[in-house]
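Labels run A, B, C, D, E and F following the written order; every chain starts at residue 1.
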Amino acid sequence: MIVRPSFLWQQQTDGDLKIKDWIRYDDDTPHATMLGIPFARASISASGASEFPNAFRRTWDSFTPYYVDEMIDFSPYRLCDIGDVLLHATDVTKSHAMMEEAMMYVIERYDKSLYTTIGGDHSITAPLVRALKRAHPTKTIGIIQLDTHFDLRDFSQGRTNGTPIRQLVEEDIVKGRHVVNIGPHGFYNAKSLIEAAQHYGVHIIPLKQMRSLGIKQTVAHAFSLLDVDLIYVTVDIDVLDIAYAPGVPAATPGGMRSNELFSLLFEIGQRDITAIDFVCIDPLRDVANMTVKAAAYAYFTFIAAQQKRDME
Amino acid sequence: MIVRPSFLWQQQTDGDLKIKDWIRYDDDTPHATMLGIPFARASISASGASEFPNAFRRTWDSFTPYYVDEMIDFSPYRLCDIGDVLLHATDVTKSHAMMEEAMMYVIERYDKSLYTTIGGDHSITAPLVRALKRAHPTKTIGIIQLDTHFDLRDFSQGRTNGTPIRQLVEEDIVKGRHVVNIGPHGFYNAKSLIEAAQHYGVHIIPLKQMRSLGIKQTVAHAFSLLDVDLIYVTVDIDVLDIAYAPGVPAATPGGMRSNELFSLLFEIGQRDITAIDFVCIDPLRDVANMTVKAAAYAYFTFIAAQQKRDME
Amino acid sequence: MIVRPSFLWQQQTDGDLKIKDWIRYDDDTPHATMLGIPFARASISASGASEFPNAFRRTWDSFTPYYVDEMIDFSPYRLCDIGDVLLHATDVTKSHAMMEEAMMYVIERYDKSLYTTIGGDHSITAPLVRALKRAHPTKTIGIIQLDTHFDLRDFSQGRTNGTPIRQLVEEDIVKGRHVVNIGPHGFYNAKSLIEAAQHYGVHIIPLKQMRSLGIKQTVAHAFSLLDVDLIYVTVDIDVLDIAYAPGVPAATPGGMRSNELFSLLFEIGQRDITAIDFVCIDPLRDVANMTVKAAAYAYFTFIAAQQKRDME
Amino acid sequence: MIVRPSFLWQQQTDGDLKIKDWIRYDDDTPHATMLGIPFARASISASGASEFPNAFRRTWDSFTPYYVDEMIDFSPYRLCDIGDVLLHATDVTKSHAMMEEAMMYVIERYDKSLYTTIGGDHSITAPLVRALKRAHPTKTIGIIQLDTHFDLRDFSQGRTNGTPIRQLVEEDIVKGRHVVNIGPHGFYNAKSLIEAAQHYGVHIIPLKQMRSLGIKQTVAHAFSLLDVDLIYVTVDIDVLDIAYAPGVPAATPGGMRSNELFSLLFEIGQRDITAIDFVCIDPLRDVANMTVKAAAYAYFTFIAAQQKRDME
Amino acid sequence: MIVRPSFLWQQQTDGDLKIKDWIRYDDDTPHATMLGIPFARASISASGASEFPNAFRRTWDSFTPYYVDEMIDFSPYRLCDIGDVLLHATDVTKSHAMMEEAMMYVIERYDKSLYTTIGGDHSITAPLVRALKRAHPTKTIGIIQLDTHFDLRDFSQGRTNGTPIRQLVEEDIVKGRHVVNIGPHGFYNAKSLIEAAQHYGVHIIPLKQMRSLGIKQTVAHAFSLLDVDLIYVTVDIDVLDIAYAPGVPAATPGGMRSNELFSLLFEIGQRDITAIDFVCIDPLRDVANMTVKAAAYAYFTFIAAQQKRDME
Amino acid sequence: MIVRPSFLWQQQTDGDLKIKDWIRYDDDTPHATMLGIPFARASISASGASEFPNAFRRTWDSFTPYYVDEMIDFSPYRLCDIGDVLLHATDVTKSHAMMEEAMMYVIERYDKSLYTTIGGDHSITAPLVRALKRAHPTKTIGIIQLDTHFDLRDFSQGRTNGTPIRQLVEEDIVKGRHVVNIGPHGFYNAKSLIEAAQHYGVHIIPLKQMRSLGIKQTVAHAFSLLDVDLIYVTVDIDVLDIAYAPGVPAATPGGMRSNELFSLLFEIGQRDITAIDFVCIDPLRDVANMTVKAAAYAYFTFIAAQQKRDME
C-alpha cells in the first residue's frame, strides 16, 4: 500500500471501532475461526445461499464488538476470518469432500479455537461434523439444531440440504438421541420425517413447546439430553418467521421471532461449544437486507456470549 | 392422460405427501369443502383479493398435512376443493347473488361437511351467511369475526366490504349480540362505527384486551357469549400487523402477530364450527408472498384443530 | 374555491371522520401544534428523512381520531398543523439555526400547547430543545429518548444526527442524569459511546432490561429518574426492529416490536409532556409504507394518551 | 390561511415554476380542463387505476411548464383542475352515469376548452364520448386510440374496460370506420376480437406497422381516415412496453417505447382535438413510480403541442 | 372430474381462446412439442431458472394464439406440452444424462415435430443437441445462438452453463464454424473466451454489428454461414438488456431490446428449424414478471413465424 | 497475508480476468486514475449517491477488460484506484474544498494520466474543474455535459448539485460557450434556467435534436464548438430514461436509452479528454442494480475507447 496524503483514504468511517476494524485475518491462536462456505448446490429449492459469506462480511461496517443488551465488550475476543473454501462448480460430492478437508485443516491448524462456519446451504453440516469426528474419533458429538425442518430425508436425491442429520446418524458419527432440534413448527415436515425422527431417536422441541417452556429452560433441557464430549450447533436461519427472515429459500410464517433466536444463542453461547454453523440465508431474495442482518446479529450474540463465558 | 416413460413427468417432487397430493377434487362426503370466491369488486379500497383463491392453491406444494407444533397428522381429514364460483365482471349485486346460490348448492350437496370459503373481499361473508340461514331457517347463527374493522358501515355505497356484519344484523339473519369481533385496534374505525357496534350490541374485543385476557380465555369468553345453534367464523387477514401481512388492501401497524392468529384458530377450530371464510388477502401487493403463506398457514391450523377434535 | 355541482368533488371519501378532516390549520389555541422539519442533511448515513413530514400527512386519509384499543375518542383534541420550517439546502448550521428560531416562534405563539415535531433526522432535537431552554431559561429539562443509539458522538464531524444528546449535555441545557434512553440493543453503539454515556451520567435502559421490567414499570422508573420541570420526548423510529421498520437509514434487527413502542408512548403520553419529536423515518426506502404508518400510529397513540389524561 | 413568519412555510421549493404552481383551480375560461375519474371497478383484471388521478397530481412538484425538446414554454396555457367525479362504490352502471353527467356539465360549463380526463380504467371512455355526442348531437366524432387492446369485447360481462369502443360503435355514437387504433401488438387480442374489428370497420395499425410507417406518417394516415367534426383521443398507457410501464393492470412486453408515445402525442397534439383521456395506470403496482411519471410526461407533451399549435 | 352446476367452475375466464385453452397435452402428431427442464444446478451464478417451466405455463392465461403485429392466427398450430424431465437433485452428470434420454425419447416419439425446450440453465443445450445428433448421426447440425456470452468455457468446473457450445464442438457434434452467436456485447466475455471462439471458428456477431446490419440481413447472413442439415436455435434470455430482462442470473446493460429479439425470432422462425430452447430465465429475481413474460412473448413469436411458414 | 492451503481462498472465481483482478492500486504512472467522492450532501433532492463509489467497485467481479462490441482488449490499459476523498459529514463548503485539494494532489501526482472521478452528486464537478484550472491556469477548459438538467441554478441555496456549471461560468473558469450539454429533455428545466443558458451562452442539444442529428454527428458538432485546450466530460446518469436508470435521485421518463449513452461515450472517448466524472447514481433506490451496472458499463465503454485511441 502506498502512502497517501491524509485527505485520501479507502473508506469513510464514523470513528467507531467496527467489526471490520476488529476482525483478524492472520491470527494463529484466535478464540474463534470463521470459515466461509459459498455453496448452495445441494439445496432442494433454488437458493442463493452461496452469496451469504460475502454478504455477511459486508455487514461488518455497521456492527461494533460491543453488545449493549448485556453490556458485553467483546473487543478482546480474537475472531479470525480464514477465508472461503474452494469448491467445485458442478460436482456436489467433490465439493462436500473439499469442505470436509478444509474443516480438517482448520481443526488441526487452530486446535484450541471455536470453529464457526458461514454457509451455504444446510448440506454443509454433514461434512463439517464428519471432519470433527475424524479429528476426534473417540469423542461423542451432540448437535443442537435450530431449524424449521428435521433434515432427515433419505439419500435418494443425494446429499441434499434435507439430509445432513440423517447422514450423521446413519454413519454413526452422531447418535440420534444426541440431536436436539429446537424450533420446528407448522406444516413443513411430512409425516414420514416425523417417523424418521422417532426411529432415530432425534429429540424434537417444536416452537410452541419452546415457548411454553421458556428459552432458558429449553436450553437447559436440551443440554441435559446431550451427554456428550463435544457440542456442535447448527443454525438454519429458516427457523425464523418469514416476517423477520424473508431471505431464505423456504421462508415460512409461524416461525421464531428474531429476538427468540438471539436469546437462544445467548444461552447456548455461554456453554462449552466446539463448533457452530449458520446456514440457508439467501441474500438474493432478501427484503431490505433484513435476513442478512438478522443472521449477523445472531452470530455476534453468540460471540458475545462466548466472551461473557470467558470472562467468568 | 397419456402414459409416459418414467423419466417424463408433470411436476418435480421431493417425495413428501404435500397438500397438493392430499387435496381431493371429487369426494362426495368430505370432512370439509373448500369453495373459492375470486371477487374483489366490492372492496372500498383497490384490491387484488380476487387473485387469492389461486394464490392459495399455489402454496399447496410447500405445505404438508402434518402439524408439527401439536404433532397432528391430518392426512385422514378429507378436504375437497370444489372450485370457484362463477361471477359477473361488473354487476356486484348479481355476483353476490351468484355466491349465495353457490353456497346454497354446497350446503345441500355436502350437508355433513364443514364449509370453508376462500375470498375475495369481505363483502362475500354476507351472502354466505345468508345462504346458511336459508338452508337452516330455524337455527340461530353466531359469528366469530377476526378483524381490524367492524364492517358495520351503512349501505349508502352499496354492499361494500365494509358492510357485511351490518347487512346480516339488519336483515335479522344474525343478532348483533351473536357477533364477537376479536382484534380491532388502532385508528381504523371511526366513532360512528363504534356507536353502530353499541347500537347493534356487537361484542368488540380489542386486540389489547385479547392480549391481557390470553388467547384461550378470549376464545372461551367469545363462545360463552354465543348462545347459538351454528357458528360461522370469518377471518379478515387485515387483522394481522403489516409486518406480517403487507399483502392486504388496508394493511395497518399495531395488529396481531401471525402466531396469535394461529393460536386463536387452533382454539376455535377445536369447537363445533359450521363454516369459515378467509378474506381480504391481496397477492398483488404482497411482499415475499408472506401474506399468502400466512393465510394458508392459518387455514391449515384450523383444519389441524378440526382433526384433533375429530380424534378426541 | 368555486362552487361546483355536487357530482364534482376534490377527494373521494368513505364518509368517516378522518384525521385529514379533523386536523386544524389555523387554530390559535390548539391543544398541540405540529411542526414539520423536512431535513436530513445532518444524517451520517444517506437518509430521505426529509420526505417524512409530507409522507406523514399523506397517512391522514386512513387514520381516524378514535383509538379502539382504549376506546378513546380524541376528536375533541385540537391539533394544529402549522407547516414546515424553511431550511437552507446546503448550510447545516444555518438550517439548525432556522429550526431553533422556528421553535422559539412556536413556543411563544402557542404558549399553552404541546409542541410536536415531525422530523427529519435526529440532529433536529438539539435546536428544538435549545429553543425550549431559551424560552424557559429557569426551568430544568429532562429527556425521554426512545432510540437504538445513544447519540452521544463528539462534534468532529459537526452537529450530525449522532450528536444531539451530547450537544445538549455539553451546553448544560440538559443534565446528563436527566436523560433516559430506553431501547438501545445489539451492536450499534461502540464502547467509546458507552463510556460517554457513563461519563455524562446518561441513563441507558437496554431493550432487554425494558422487557424484563415491563413497560409500565420502565416508564415509571424513567420518570422517577427525572426530577425536572419540563419533559421532552424524542422518538427515533430506528428503535424499532427492521421487520417492523425497514424504512429508517440504519435499520437493525433485535429492536422493539411496534406494539411495545405504542405501549411506551401510551404510558408516557398520560403524563405531563412539554414537547415530543419523531425522527429518522425514511419513506424512500420503506417497504409497503409500513414504517411511515408505524410512525403515524405511534404519533396518534401519544395524542390519544394526552386526550385520556385531559379527560381524567 | 393565517399569516405566518417567513421562516414557516407549507412546502419546500427550489424556486422554479412547477406545474403545482402553474395549475389553476378556478379559471372560468381555461384552455383546457382536467377532470379526474378515480374509478377502476369495471376493470376485468384487478386494478388500482382509481389511485391515478391523485398520483398524477403528486408528480406536479417535479414537472415544469417548459418542454425542453422543442423549447416550448407553455406557461401561458391555462389548465384548470376541476376535481374528481363523485362515484358510487359498488354500482358500476350508476358510476358510469355519474361520469357522463359530469362530462356533460364540463362541456357546457367550459364550452371553449379542451377536455382532458385522467382515469381510471378504460371503461370511462364510453360515458365520456357519450356525453360529447349528447352535447354535440349533429357532429361526427372520430377516435384516435393508443392501446395494446381493441376494447371491442361484447357486453356479456357488462360495460367492462374491454368494451368502450364497442359500446360507442354499437350505439352509433362513433362509426367503426372513425376509430383508429394505433399500437396493438403481440398476443393480447383473441381472433374473435380481430373479427369484431373487421366487422365494425375499426382501423387497426399494429405497432410494427407504425414503426415501418414512421410516427409522423402514421399520425397523418390516421387523421386522413377520420373525416369527422370532433376528434377524441384515448390513451391506454398499457400500450407501452412493460419495461417502461410496469404499473398497468395487464402490462406486456413488445409494446411502445415511451419516447414513441411522446412523439405520437406531440404530433397528435398539434391538431384540433376536442378531448383526450389517459387510462389504466395502476400506481399500486408501479416500479420506481416510472409508469405514473411516464403518463404525466405524455400528458404534458400533449399540452406542449397544443401550446405550439396555439402559437402558430 | 365430477359434473358441477354451471355456477361452479375451476377458473375465471374472459371468454377468449387463451394459450391455456389451446395448448395440447396428448397429441401424438403435434406440429411442435414443448418439454420442460426445471434444472439450474449447473449455473455458475446462483439461479432460479429451474422455476421457469412452470412460470412459463402460468403466463398462458394472458396470451392468445393470435399474433396481431403480423395478423397471424396460429390456433391451427398444434403445440403439445409433454411435461418436465425428471431430474436428480444433486448429481449434475446424472441429470444431464436424464435430459439426453428424455430428448431421445421425444425425437423418436414425435419424429415429425419441432422440438421446443423450456429451461433451465444453459447447460441443458449440450445434452439436447447430443440427443439430436444420436438420433440423426449422419446429419450435420448448425446452431444459432442468441446470447450475451459465448459459453465456450473449459470443463475444469464441470459441465456448467458456461460450457455447452464448447462441449458440442469438442465432441465434434457440431462444427465450430456451424455456430453463429448473435448478440454478445459489453464486458462479459474474457479475452480467453474470445480466443476460444477464434480457435474453434465460432462466428460472433456482436450486438452492435447486428444493429448496423439490420435484423433481416443478420439472420440471412447467419443462415448463409450454416451449410448444415439441421438447425438448432438456443435463446439465452440474458441476451436482453437488464431494463427488459432483470430476471436472469447475470443481467447486463447494453443488451438487446426485447423487440429486437422478437424480430430475430420472427425471421428465424420462418425457416426450417429442427429444435429450439429458451434458457436462463430466473423468475425468483424478476421484476413485475417482465422477464418471464418477455420469454413467453419470444416463444410465441417463434411459433407464429412457424405457422406463417406452414401457411405459405 | 498468511499462506494458506490451496483449498482455502478469499474469493470464488470463474477463472477469467475480471476488472477486480486487473484494477491497480499502486501504479505511479497509470493511464488513468480513479478517484471516489462518496458525497451527496449538496443534492437538492434526497440522495444516496454517496454510496456509489463502493457500489461501482462491487461490480468489478462481473466485468472483464474486454469490450466485445468493438473487440477491444483494454487489459493493457493501466487504471489505478487511488481511493476515496476524505470528507466532512456536515460542512458542505469544507467538503467541497477537500475535494478540490484532493483533485489538485491527483493532478500533480499523476500528471500524465486521465483523471476519472466517481461521484457523488453533481456538485462535485465544480471543485474538480476548479482544481484543473488551478493546475493549468493558462489553459482554456471546455465541458461536455451529458445531463437531463442544465445545472445553472443560482447560489441562493448554496453550492447545490443544481449549480456546478453556473459556478464555473461565473468564476470564469470555463466560458459559457465552452459548455455543451447533450441530452436535456422533457419538463425538468424551468424557463428561468433556459434563460440562464441563453444568458451564459451554454450550448444545449436536447435529446430529440441529438437523435435527429445522430450520435457521431452530435459529438463532432459538440467538439467543433469547443475551441479549448482541455476537455472535461461530466456524465450525470440521470440523463438516462427511468426505465434504464431508476436509481438516480430524480429519475425521469423520456431520457436516453443506455445504448445511446454508451455510443456517445465511445465516440467521446476516442478523443483527447483530460478528465471525466460520473455522478448522481443512487444505489439505495436502484432496481435490480441496473443503474449501478449501467454506470459501470458507461465507464468501461469510455475506457475501451481511450484504449482504442491509444492503439491507433
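As a working rule, contacts are C-beta pairs under 8 Å (C-beta built on N, C-alpha and C of every residue); 3 or more make two chains touch, one makes a residue touch a chain.
Keep in mind it's a predicted model, so treat the numbers as computed, not measured.
Novice: Where the contacts of chain A and chain F overlap, which chains show up?
Specialist: The common neighbours are C, E.
Novice: Comparing D-F against A-E, which pair counts more contacting C-beta pairs?
Specialist: D-F
Novice: So which of C-F, A-C or B-D matches D-E, with over half of the contact pairs the same residue numbers?
Specialist: When the residue numbers line up for over half the pairs, the pair is A-C.
Novice: Would you mind reporting the rotation angle for the C-alpha fit of chain A onto chain C, rounded to the nearest 5 degrees?
Specialist: It is a rotation of 120 degrees, to the nearest 5.
Novice: Between chain A and chain B, what is the separation of their C-alpha centroids in Å?
Specialist: Taking the mean C-alpha position of each chain, the two centres sit 38 Å apart.
Novice: Return the residues of chain C touching two or more other chains; collapse runs of consecutive numbers into ranges.
Specialist: Each of 14, 44, 50, 89, 157, 243, 285, 287 in chain C touches at least two other chains.
Novice: Considering the complex alone, what residue numbers of chain E touch chain A?
Specialist: 40-42, 44, 46-48, 50-51, 88-93, 157-160, 284-285
Novice: In their complex, what parts of chain C are in touch with chain B?
Specialist: Contacts found on chain C: 14-19, 62-71, 73, 75, 243-244, 258-259, 262, 287-288, 290, 293-294, 297, 300.
Novice: In their complex, what parts of chain E are in touch with chain F?
Specialist: Residue list for chain E touching chain F: 44, 153-154, 156-157, 162, 184-194, 204, 206-209, 241-243, 246, 250-254, 257, 285, 287.
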